[in-house]
Every structure is written in C-alpha cells, then in structure tokens.
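You will see chain A twice below: alongside chain B first, and alongside chain C after that.
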Partner chain A sequence: MNRQRWSCLLIAFTLFISFFLALSIGPVRISLFDMSATDKVILFNLRLPRILSAFFVGGGLALAGAIFQGLFRNPIADSYLLGVSSGASLGAAAAIVFRLASPLANFAAVSCFAFIGSLVALALVFYFGHHDGGFSIFRLLLSGLGVGLFLSSLVAIFMLMAGEELKALIFFFLGGFSSSSWDTTWVSLACIPLAVVAACYFAPELNVLLLGEETAESSGIRTGRIQLLYAILAALLTSISVSVAGLIGFIGLIVPHMIRLVFGADHRTLFPLTFFCGGIFLILCDTAARTVIAPAELPVGVVTSLLGVPIFLYLIRKESGDYNW
Partner chain B sequence: MNSKIAIEARELSFGYENGLVLTNVSFSIGAGELVALIGPNGSGKTTLLKLLLGFLPPKTGQVSLCDQPLQSYAPIERAKTIAYVSQQPWLSFPLTAFELASLGRYPHASRFKFSSADAAAVERALDETGSKHLGERSFATLSGGEKQKVLISRALAQSARILLLDEPTLHLDLYYQLQILAALKKLCVEQRVTVIAVLHDVNQVLLFADKALLLNDGMLRAFGPVVEVINENSIRDLLGVDMKAIEDAETGGRYYLPRDPFRIRRQPS
Partner chain C sequence: MRTFLQLRDLIATQHNIRRLFALQAVVALSIAAPIALAGNRIIVDDLGFKIEVKDNVRRVVSLVPTNSEMVCLLDCKRLKGGTRYDQFPVEVKKRVQAKQIEIIGGGFDANLEKIVQLRPDLILTNGPTQQRFAVPLKNMGYSVVSLWPRDMDGLKRDFLLLGELLGQEKKAQSVIDDMQRRFSLIEAKVKNKPRKQVYLQMWTDPLITVGKSSFPDWLVAAAGGINVFGDLPFDSGQVGLESIIQRNPEVLIFLAAQEPFVKTLTKRPGWSSIRGVRESHVCFIDEPDIRRSIEFLDGLAKIQDCLFRDKRVNQLTPTETK
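Presenting the complex of A and B:
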C-alpha cells in the first residue's frame, strides 16, 4: 500500500514537471512567471491544447493497449495488432478523401468516422474470431491481423484515389500534434476521461476474466457484457487518439508492460497508472519531438520508439519469469 | 443453506443440433459428500458440469442448488453457492498466488476496498490447501501441483457450499494428486462442503470419494456409494478396460489393476 502511495505521489510530481517543461520549452522559450501578450497567445492557443492532446492521446493509447491485453489475455495484444487502428485510419481516410460531413453536430468528421471505422474493424474481428458460441484468443488475434491487413490495403487504395487531399492524408498518418488546437483537443478532453473512469470501475471483473471465461462466469460475472464493454471502450480510446494525432505506435504495448513489470497485473492499479504514465510519456516525447531539431519537428512516433523501445527491451531482459512466456 | 440436499439434477438432457450429448440424467447429492464423476473421454462429463453451473441451458429437466432451482439464482448469488475449478488456465500475466486466490472474493468483496475480512478468507483458503507459504510467489513460477492448489484456493475463497472441479489431478505427480484429494476430503468432512470432481483413477476414487457418478455416452450408468458401483463389470462397461480386483489385507479395501497391462484393448461395452 505504501509503495502505491509513493508511486502516486511520484507520478503526480512527474506529471506536474512534464507539464511545466512542455509549456516553457519550445522554439520560443516562455517563462511562466513573466509572460508577454505574444507568450500568452502561444501558451494558451498553441502549447496548452497541444500538451493536453498529447496527455490524453498518450494515456488513451496506453490504456487501450492495457485493455486489449487484459481482454485477450495476451501480453502482445494491441490496437495495431487487432486491426482497430487500421479501421480508425480507414474511417479517417474516408472522411478526408471524400470530404465527408460529420453525422453528429459538433464532432469533427475525422473523429466520427475514425470511431465508426474502429467499431467496424472490431466487429469484423469478433465475427471471424467467434466460434461455437465462444472466443478463441488465437483465432481473435489471427482475425485481427487479417482484418488489419485488409483494411490497410483499403487505406492504400484511398491514398491512390486522393488528389489534393493526399498531403493532408500523409500528414495525418505520420502522426503528431503540430496541428493541435482547441478544436481537436476538446473531443479527447470530453470522451477520454469518461472511458478511463469506466475502465477503472470494471477492473475487478477484468481481473477475474484473466482466468478465463468459465471461471469468470462461475464467479458471477456476465462475461459477454464485460467483454463487449471493454471492446467498445478500447475502440473509443483508439479511435479518438488516432483521429487527434494520427498513428503513433508502441505506446499501447510498452507502457502497460512497464507498469505490469513494476506494479503487477491487477487492473485496479494497472489502468490508472497506465493512463497517467502513458500521458506523461507522450508529453515528454512530443516536447522532445518539437525541440530537438527546432524549428523543424520530428514525427512523435519516431521519438516514442527511440525512447521507449530501449527501456522496454531492458525490462524484458530483466524480467524474472513472472510473465510465463 | 442448511438443506441436506446440496445439488440435484432432475431428468437433465442437453444436446446440439446433431443429437443429444446428455440424456435424462437424474441424481441428488447431499451436503458434505465427495462425489467422483467418472467416464471415458467424450462421455459428457464436462457438459454435465457446465449444466450444473448454469453455463449451458438444459434442453429438458432442471438443476436445483440447496433446494432452489438454479435459474432462480442471480449470477452473484449463484457464485456464493457454487464454485468451479476449471482445468488449469494459461495465465500470461504476473499475478502472485495471493492475488490470484483473492479473485475468488469477487462475489463478496466491495468494488473499491478489499477488506481485512476478505484478506482473512483468502489466507484461510490458501491454508486449507496447504499453500499459505506460496502467497507472495509469482503464480507463473509455481510448479503444476502448487498452481492447482492455488487455483483450488481461489474457488474456496469464494466461500461456496458446493465445489465443482474438472480433472483437478490432471498433469500432477502422485504426491500432489494425493495431497489435493486429501485436502478436498478434509473440506467435505470438516466444513460440509459438497465436492464433485472429474477423476480418472478408480483406485483414488475408491480411496477418497463417498459416491461415484458413472457417465457413458451421455447417460448415467450408475450412481451410488463407491464400493457398490465400482466393480470389475462396471469398469469394463464404462472404461472398456479389463481390470481385476485385489484385496488389501491390511485395510480390507478392494483395488483394481489391469488384468493384462501389456495388451490393453477397449473391451466392447
């Protein structure tokens, strides 16, 4: 318990520092205690939405990864592996290429179609992964791989069809927060915290589900409903993240693993810690991405991989057999 | 809860489109009895367990737990009455033995707080299977027998009156097989827990179980005290193996050995 309290304090402190750093560092160095009018515009209209987007997207992607891994009882499950990201990309690409209007007022068309795309992908994965009234995890992962490849090919066709939108499309797929504004940030601000609360609330059920559907069912859990709920939550988190920041890999795989290796696999602690650490990680990566070769920017996905993968590989090397792989 | 009959099946049938898997199975099991479910592979044992747990809806017939129809139980209430130990799951995440056993408190524990009463129940459950000392160990690093004991502790932590186990001695060495069966027997005798376990070794059944349910081709071939229902004929009819009875001079017990171990052949039943 003590360890958890310390880690909460540490995470809160790191979050504060990373916000502070990310707000002050950039092509223009801003002192938060002595700001000019221009500084204020840069801070509130450019950096703050960007940092908030990075936080919620990082947390959202990390949490989506943790949910998929728990749901499929597989430590390598991830939004990318299960085709959900491809579905979200296809939806977003369709919205960009065909200039589709948003079916819901006040929601950006790209976000809406990314969400629809990810749900369609997930429905396909569940449809093909379903067998004799149950799921086989391997079947689901294989169908996720298949659906993901198929949808990626459709995205490629859309790219060929795109005329002047091609640039917007490529920009979107490279991933990053350079075009973040309050318009793109508020969707993630509104939806992601709700998904995080729901994911944490049902964590005890997902814990029991780690032992398989039958054990969960015999413990009094309506497994079908819980699986569906988490599938929708993970799809929601993925699609919002993809629609805000394009494709950013590895976070969903790396962050939950790191947390699990240090704090164990109990989803009640894993989910909130994963969300906050994913958010902090992406804020730091984005800050690095926009400062290392300023005024140009590195794609943030490159930074997440360069920073995250070595730490991840180190932890795997150190892992003492707890993972049963 | 004080009912003498813990679990009862009445004319239970189940099938898929291509025919019945279980036909007209009826029995009633009293509180505190250890019942062995025996039958060849594919005889409907797991289907029967799933019907008793309410995982599958029966085509005809009914299951009652403590004199109440199974379908009248809400899932959480059912979980407080009947617990299940499936065949060992593949767990790919790092959980300690204590954390794993704690999952059994799900029907009782509050969503936000794991109380000291819950922790005590888990400790007790680990103690009952002799695995208290494994609490802080990572489940993945335990041996097969230790894992099984922890999994049984999880079901015990559920504090249910009835415990169903699907092949609890599978893949275990003789030491752990006997240890697990002895722990189950102790639960029945000391705490009046009703245990139904799928077992394959007729001699272990004779040693530990009170009654046996013999199942073949989805039909109940015999049900009753082990010494009455297990004999050379019933073993040959049920398992298709020719066995001979050996008297143990010391205890007077009867045990069975294959008549010709080098030429085992399915006997026509």
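Presenting the complex of A and C:
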C-alpha cells in the first residue's frame, strides 16, 4: 500500500512536470514568463489543446487496451480489437469521398463522421456477437474481427475513389496531433473523463468476474451486463481517440502491461493508473515528436514504440509483477 | 438492471456535456479574439471560400513551393515563410540561405507554431490536403487563401489575385501577358497536327499515371497530345499493364527518376507490344516540369518537343541503351 501511495504521488508529479515540459518546449522558443501576443497564441491555441488531446487520447487508448485485455483475458488484446478503428476509418473515408464533411471546410466534422463510423461498427459487432438473448465474450471477439476486416476492405475501396483527397485520408490514418486545435480537442475533453470514471466505478465487479463467470454469478454479479458495459466503454474510448487523433498504435497494448508488471493486475488500481500513465506517456512522446527534428515532425506512433518498447522490455526482465488476469 | 440504470445516468449527464461544450467555445473564442484581423478586402479562393484579407499585406507564409514562387515573382521581400522544397525562382533559395525566409516544414508536415510565430497577414495553401492546417489557422483568425489552379486559366486567375493582394497588379498583368504570348506561340505550333496518344507515368511500382483534371493531363493536352488515361476520374491512379497495352499510346513519357525502369523496358514482358515502345518514342521529363507552376511554359515546351520529336533532347530510347 505504501508503494502505491508513493506511486500516486510520483505519477501526479510526473504529470505536472511533463505537462509543463510539453508546454514550454517546441519548435518555437517561448519564455513562459515573458510572452508576446504571438507567443500567447502559440501557447494557448496550439500547444495547450495539443497537450490536452495527447493526454486524453493516450489515457483513453491505454485504458481501452487494459479493459479489452482484462475482458478477453488475452495479453495481446489492444484498443483496436473490436474493429472500432476500421469503423472510424470508414466514417472518415466516407465523409471525405462522398463530401459529407469535406476536409476542406472542417476537419472536426471529419472527426465526427469517424466517431459515427466507429459507433456503426460497434453496433454491427454487437449485433453479430449477440446470441440467444445474451453476449458471449468470444462471439463478440470473433464478430469484432470479422466486422473489422470487412470494414477495412471497404476503406481500401474508398481510398481508391478518393483522388486528390486521398492524401488527406492517409494523414487521418497516420494519426498524430500536428493539426490539433480546440475544435477537435473538446470532444476528448468532454467524453473521455466520463468513460474513465465509469470504468473505474465497476472495476471491483470486473475483478470478481475474472475469477470465473460462475463464481461471479454466484456472488450476485450480472456477468453479461458487466461484460457488455466494459466492451461498450472500451469501444467508446477507442472511437473518441481515433476520431481525435487517427490511429496511434502500441499505447493500448503496452501501457497496461507496464502498469500490471509494476503494480499488479487489480483493476481498481490498474484502470486509473493506466489512464494517467498512458496520458503522460503520449504527452511526452508527442513532445519528442514535434521537437526532435523541428520544424518537421516525427509520426507520433514511431516515437511511442521507440521510447516505449525499451522500457517495456526492461520491465519484463526486471519486475516480478503478479501476472494474473 | 443496475448496469442499465447506470447507463441511463450516463445519458442523463449529456446536458452537462453540452454545457461543457458551450464553456469550451467561450474559452476558445476569448483566446482567439485578440488576433482577429480587421480585414478590408474579401476575396474568393480556389476552394470557393470567402476570405477576408488585410489591405496592406506585408508578411506572407506559403505552404506550397508553387505559391512561394508566385509570391517571389511579385515581391520576394514579403515572403517570410516557405517550405523546405522551395527552389524557384533562384531568389527564394538565396533568401532561404540568408535566413530571410523561414522554413515552416513541408507541404504535408507544416508546423503551425512556426507559421504563427512569423505573424503572417496572409497564408497560402494548396487544395484539400492542406486543409488540416488551414482550418485551425482560420479558426485562430488568420487569412488563409487556397490557391489550387487546374490549368492555365486557374494559374492566371491566382497570379492576378495575388498581385491584387500584394498591390502589384501591374507586375502581375505583365507576367501574365508575357505568358499568354509565349503560350500562343507554343499552341500555334501544333494547331493543325493530329493529336498524339500519350501515356505519362508517375510511378513504376505500382504503375501510376495521371487522370482527368490533373495538371499534367492539361499540360499534355496543351502540348498537342491526348492523355490515354484522361478518363480516369482521379488526379492520379494505379493502372494495369494490360490497359496500357490496350490503349496503345504513341508516346510514353516518364519522370527522370524512372530511368532504371525505362532502361529495361524492352525486356519487360508486354511493353514491347506498345506502339510508342516499338517506335522508341519514349521521353523523360523532370518533375519540376509538370508542377502547377506559373513558370510551366518550359515544361510544356519540353513535352511538345517530345510529342513531335522536334528535338531529341531528353529522349532516351530503350534500344539505344541496350
């Protein structure tokens, strides 16, 4: 318990430091104590929304990964498991190709269609995963796989039709925060905290559930509904993240494992810690991505694996964390 | 049941979300307000947007090399930011080296912070691909104009518009008049000649060519040819060797970088059955020759020379290199 208390303090401290660091460094040098009007614009209209997006998207993806790994008791499950990302991609692609929301007018509108696309994908996954009035978690997994693959092939067809807008589409899929502004940030600001609170609130039930569905049922837990709730929460977290920042790999897979290795697999601590660490991690990666070769930027996905994998491998070797599901 | 009650509660909090949105909008507006421009000229750009631009534009940032070129031809001193690919005219290169023009990144990875730091009165972007930069900049109150010409008329219109914005109308008009005069000469050369069937290859693997409404498609037509894939509904698209053989172009044009591919062309199965390859009517052009640039006439002349074999410049026939 002592270790946990220290860790919480450490995480709060790291969050503060990384936020401050991300705010103060960038391709343009700004002194936080002596700002011109231009500096203020850069700081409040460009860096601040970018850092907030990075934090919530990183946290959201990491938490979604943790949920899926717990739910499916599968270590290689990640946030894109249920085909949500394909749905988001399809939504964005359809919006661009059919000029529903032209990237010309408003990139935030494309994000909205990405979100709608991911909800449609989710509905399809749950429709096919539905059986005899209940949900089997493995049926859900398989239908997620199928729906995801099918939607991806539709995306490929749309990409062929996209013409000049093709490049805009490619950048959407590549992911990143280089064109973040307030109009895309507010989505993550408004929705992700709600999902995080809900995920943490039901964590004790999920813990019991992992002892086995029969044990859980006998403790009075409606297993099917808890599973459904978590699948929806994780998919929502992913779809919001994808619609804000495109596809950023790796975070949803590795961050939960890192936390599990260090702090154990109790979902009551795992979920909040994963959220905060995922957020901090993506803030730091994005800061590196936009400063290392400025004014050019590295794709943030490259940075996440480049920085994250060594830490992850070190932890596997070093920590003797309780590796139960 | 409890779960669903919780879910219902979640939905009930939606009006709170809405309140949060409203609050956020107020915050964003109050931050953005101080730099809103008191513009006094309203123009319509190539994407159909009405943009307010300050009367006396002093600081221009361009996100596309062809736009930098236009600004520089009119008044290079006012170009404060350009891309790392800016090469034309020579003055741009000099000013970049002398740090009088800041590099804001490339067309696909422009850096918003750098752009804002340059305090531009006018930001020039291209078409849809750069809207992901244009939209946040517009939301911050900057004048962002899209210049995305499809043909010579588009180039003329854009150049005159830019001349107007920079207060260089006369200079712009004289450049355009000169361009029109040279263009008429090039056009006259092929007036009564039958049009050549042309295949223009942009990429070797997969085979990518240009389609309808692309700038190179227009160039080929202006030079006296017909793009055999002019019916492709995309700017550029992947095609199969089968359809190239079936359309049997008389002339094949490759980018200079594709030389290794072309050298082995006759050894590649199928290619020898194409008329242009059989008759060794194969040319190279440099990438800058097909840019949608105000200085496109040199490229146009090269394409015309190639189509009608006026000069043997830039021609490399597969048989010669065997």
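Here is the rule we go by: the second predicted complex is superposed on the first by the 269 of 325 C-alpha atoms of A that agree within 3 Å, B and C clash if a C-alpha of one lies under 4 Å from a C-alpha of the other, contacts with A are read in each partner's own complex, and residues count from 1 in each chain.
Rule of thumb we're sticking to: a contact is a pair of C-beta atoms (placed from the backbone, for glycine too) under 8 Å apart; a residue touches a chain by one contact, two chains touch by 3 or more.
The model shown is predicted, which means the values in this text are computed figures rather than measured ones.
Novice: Applying the document's definition of touch, where does A:S181 land relative to chain B and chain C: first, second, both, or neither?
Specialist: second
Novice: Figure out whether A:A37 sits in contact with chain B (first) or chain C (second), or with both, or with neither.
Specialist: A:A37 sits against chain C, while chain B stays out of touch.
Novice: Between chain B (first) and chain C (second), which does A:E217 come into contact with in this model arrangement: first, second, both, or neither?
Specialist: Touch status of A:E217: first partner only.
Novice: Going by the contact rule set out at the top, does A:Q4 touch chain B (first), chain C (second), both, or neither?
Specialist: It touches nothing on chain B or chain C.
Novice: Tell me which touches more residues of chain A here: chain C or chain B.
Specialist: Counting contacted residues of chain A, the larger count belongs to C.
Novice: Looking at the overlay, does A:R225 come into contact with chain B only (first), chain C only (second), both, or neither?
Specialist: Second partner only, chain C.
Novice: Applying the touch criterion given at the start, work out whether A:G264 contacts chain B, chain C, both or neither, answering first, second, both or neither.
Specialist: In the superposition, A:G264 contacts chain B only.
Novice: Let me test your reading of the model: by the given contact rule, A:S153 touches which partner, first (chain B), second (chain C), both or neither?
Specialist: Touch partners of A:S153: none, neither chain B nor chain C.
Novice: Should A:P295 be classified as contacting the first partner (chain B), the second (chain C), both, or neither?
Specialist: second
Novice: After overlaying the two complexes on chain A, where does the chain B footprint on chain A coincide with the chain C footprint?
Specialist: Residues common to the chain A contacts of chain C and of chain B are 201, 222, listed in rising order.
Novice: In the complex formed with chain A, which residues of chain B make contact?
Specialist: It is residues 50, 53, 55, 74-80, 82-84, 86, 89-96, 99-100, 103-104, 106-107, 109, 111, 138-141, 151, 154, 158 of chain B that touch chain A.
Novice: For the complex, which residues does chain C have touching chain A?
Specialist: It is residues 1-4, 6-7, 10, 13, 17, 20-21, 24-25, 27-28, 31-32, 34-35, 47, 49, 84, 103-106, 108-109, 111-114, 116-117, 119, 127-129, 131-133, 135-136, 139-140, 211, 233-235, 237-238 of chain C that touch chain A.
Novice: Give every residue of chain A touching chain B within the complex, in rising order.
Specialist: By the definition above, chain A touches chain B via 69-70, 73-75, 201, 204-205, 207-208, 210-212, 214-215, 217-222, 260-261, 264-266, 320-325.
Novice: Taking the touch rule as given, give the residues of chain A at its contact with chain C in the complex, in rising order.
Specialist: So the residues of chain A touching chain C come out as 26-28, 37-38, 40-42, 44-47, 102-108, 160-168, 171, 178-183, 186, 189-191, 194, 198, 201-202, 222, 225-226, 228-229, 290, 294-297.
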